[in-house]
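Please find one structure pasted underneath; my questions will follow.
So that you can tell them apart, the chains are marked A, B and C in the order they are listed, and the count of residues begins at 1 in each.
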């Protein structure tokens, strides 16, 4: 079994401009992953499947991960020119000041692929891909034409995360019903207000019960309640 | 309905064949399920029939969906263990093992030797339970109401009694922990297990006598629902279904997880990839499992069943991720965990063998009679708790 | 010969049918509820609260630490801590649960609460005939319904209960020794303090230690 670096080199030799990036994994499992550019992903997938040494003919697991928008606070060292009086003479001196800068890192949806080889009996090789953001640019190329096992799993990721796989033959919701609007596995998903009764409401259930009662009371007040 | 059933512009070889209906009449669309008596649970297939022939089949999932994966991201690592019992509720102990293995990989936790042996014993007992009932259900779907299924359940009952006296529950065992097992089985329990295992070969023999050379079973099963090995690999089919197509891939042999490298066992393979081969592979796997059980019960060492350094309360793995998989009775059962250092996983993913094995259901059913669809579906061996999660 | 396989199978069923009259191994039907199978000792079904002594309210081992409430996978436990302290079975002042409800329509008998409890206060019952015609209130057990004596615990899980008793006794001996030592140290310090100029604060600490619960949770995480 080749190491992640060797696989990266092999991909870059076979698919020019693939732009593979190694994502280290600090866990003792040591399953480091490779991040692919969506534009070259299908070519890379064909290469990984058909390459003689790798022969990754078995896509075991395909899943999505949601990353919300994050505010990142960074400490940056800034050099400023300050006028100071040194020994009675006014001088312009460079001074290093530390500043905290905050910027929003836009969230994204990620797909993770675990590949094994049934012929060579090795693996896993972990691949990842990212969408541009979480709202409108959520397209990723489908690998179903390469590995058929992605068919239902991509439908599941589409259903629960909202990643749109271009090139999928039959992209429909898998687990939720077709009329359902949201994507339940996203981390900012809000459950619909379907609270009925709970004898011991506490924690999240209590919050839901309160929201529900407030909503019901509000509807009755305006006369639109059921 | 028009004659063209599918967009054929895709890369052709791994798609189901397009069947053009013959004759004049219209296609009949049938919704089979979700409460069809001979399916395995609440599962629906939307069929298009040309006479008796199936020309299109679309499985519809989600009737049992409860967002298992999201529950996994809200409760602690330990509290997720009883939920894994409810995935494939016939094989709760192998589900426990797969999850424990993934978490152990994530934190680099070692497992004492005695616990590894107990895990092997319980997993193989689970495999026998699963294969025996799967065959029972399959024959039931063929029309043999009761008898073969009850023979399978009789043996299952004895094994479930063992589970109950060890773990406290017959089906929802919740037994394995990160770094070992919850309780140490007593010598009396091991003796009782030896006794049950000693009776298993006779059961397997009886079960074979009952069905294997039965002409009706052969006529219904042989040559029906064939699955080519190339397609099986490409579609991620695992477990007995894959091996019935002749692909030698058993994760017990490939990954050597647990202590499986210490036991002698063979991997039964099929030639034709039809229903009969799938049935035979399961029968032979029961024999191999009995062999593993005998070896494991003979060699089981003493010692602790739980790593004393393992943490029960306040379990917080360092950031990282891990994918752990085992050879479950239905196929590759994997858990993918991403930790952000918190109390519960950032991402908790189950790789369900039942769902992924159904990818090829349409390919296997096209062109067959509608009565065969029930059989082909039965030979995949699924549990809806795992398919829908 | 065609039909040979079927005949072979029929012979097997005939053998089994006759065998079921003579062999217990063939598992004949148990006529529940007239007949009942004995439950194995490890059997578990819904938790209960253990109390020592005879008065359930005084003897509850639970100190309302709420670990089980946090760890419970389906969140079926609801605890209200008491504002005051009451002496427990050993006479130490302890916080007690003013309210302890378990909703057994939600509980899945997984026994995670038993595993995480550092005080051996919650254990698994074997009672399984709990059906009721009251959907809401009937399946919500309060602390009175949940409280069962240590003797009952011994009755249903004898081995486990004896182990727990031995462990608690050992912990009590340890705690008593510690308390004694602490009290001795406190007395010595108090004596020393009486001679020294700074009296009050030195004596304060060990006394609190003596009041600590017998079994300290190892790493109280949530």
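The definition used in the following text is that a residue touches a chain if its C-beta (ideal position, glycine included) is under 8 Å from a C-beta of that chain, and two chains touch if they have at least 3 such contacts.
These numbers come from a predicted model, not from an experiment.
Trainee: Would you identify the chain whose Cα-based centre sits farthest away from the centre of chain B?
Mentor: Using the mean of the C-alpha atoms as each chain's centre, the farthest one from chain B is C.
Trainee: Using the mean of all protein Cα atoms as the middle point, what chain has its own Cα mean nearest that point?
Mentor: Answer for the innermost chain: B.
Trainee: Calculate how many whole Å lie between the centre of chain A and the centre of chain C, each centre taken as the average of the chain's C-alpha atoms.
Mentor: Inter-chain centre distance comes to 42 Å.
Trainee: Measuring from the mean C-alpha position of chain A to the mean C-alpha position of chain B, what distance in angstrom results?
Mentor: Here chain A and chain B have centroids separated by 29 Å.
Trainee: Could you please state the distance in Å, as a whole number, between where the Cα atoms of chain B are centred and where those of chain C are centred?
Mentor: That gives a centre separation of 34 Å.
Trainee: Under the stated contact criterion, what part of chain B meets chain C in this complex?
Mentor: Result: residues 75-76, 78-83, 85, 147, 151, 154, 157-158, 161, 164-169, 172, 174, 182-183, 199, 206, 209-218, 311-316, 343 of chain B touch chain C.
Trainee: Which part of chain A faces chain B closely enough to touch in the complex?
Mentor: 25-29, 31, 57-61, 63, 65, 112, 114, 118, 121, 124, 126, 145, 147-149, 151-153, 160, 169, 173-177, 184-185
Trainee: Show me the residue ranges of chain C that touch chain B in the complex, using the header's touch definition.
Mentor: 2-6, 8-9, 11-13, 16, 25-27, 40-44, 67, 71-73, 108-112, 115-116, 124, 217-222
Trainee: For the complex, give me every residue of chain B touching chain A.
Mentor: Interface residues on chain B, with respect to chain A: 6-7, 10-11, 14-15, 61-62, 65, 67, 69-70, 105-108, 231, 233-238, 247, 249, 254, 317-325, 332, 334, 336, 338-339, 346-347, 349, 351, 355-356, 358-360, 388-389.
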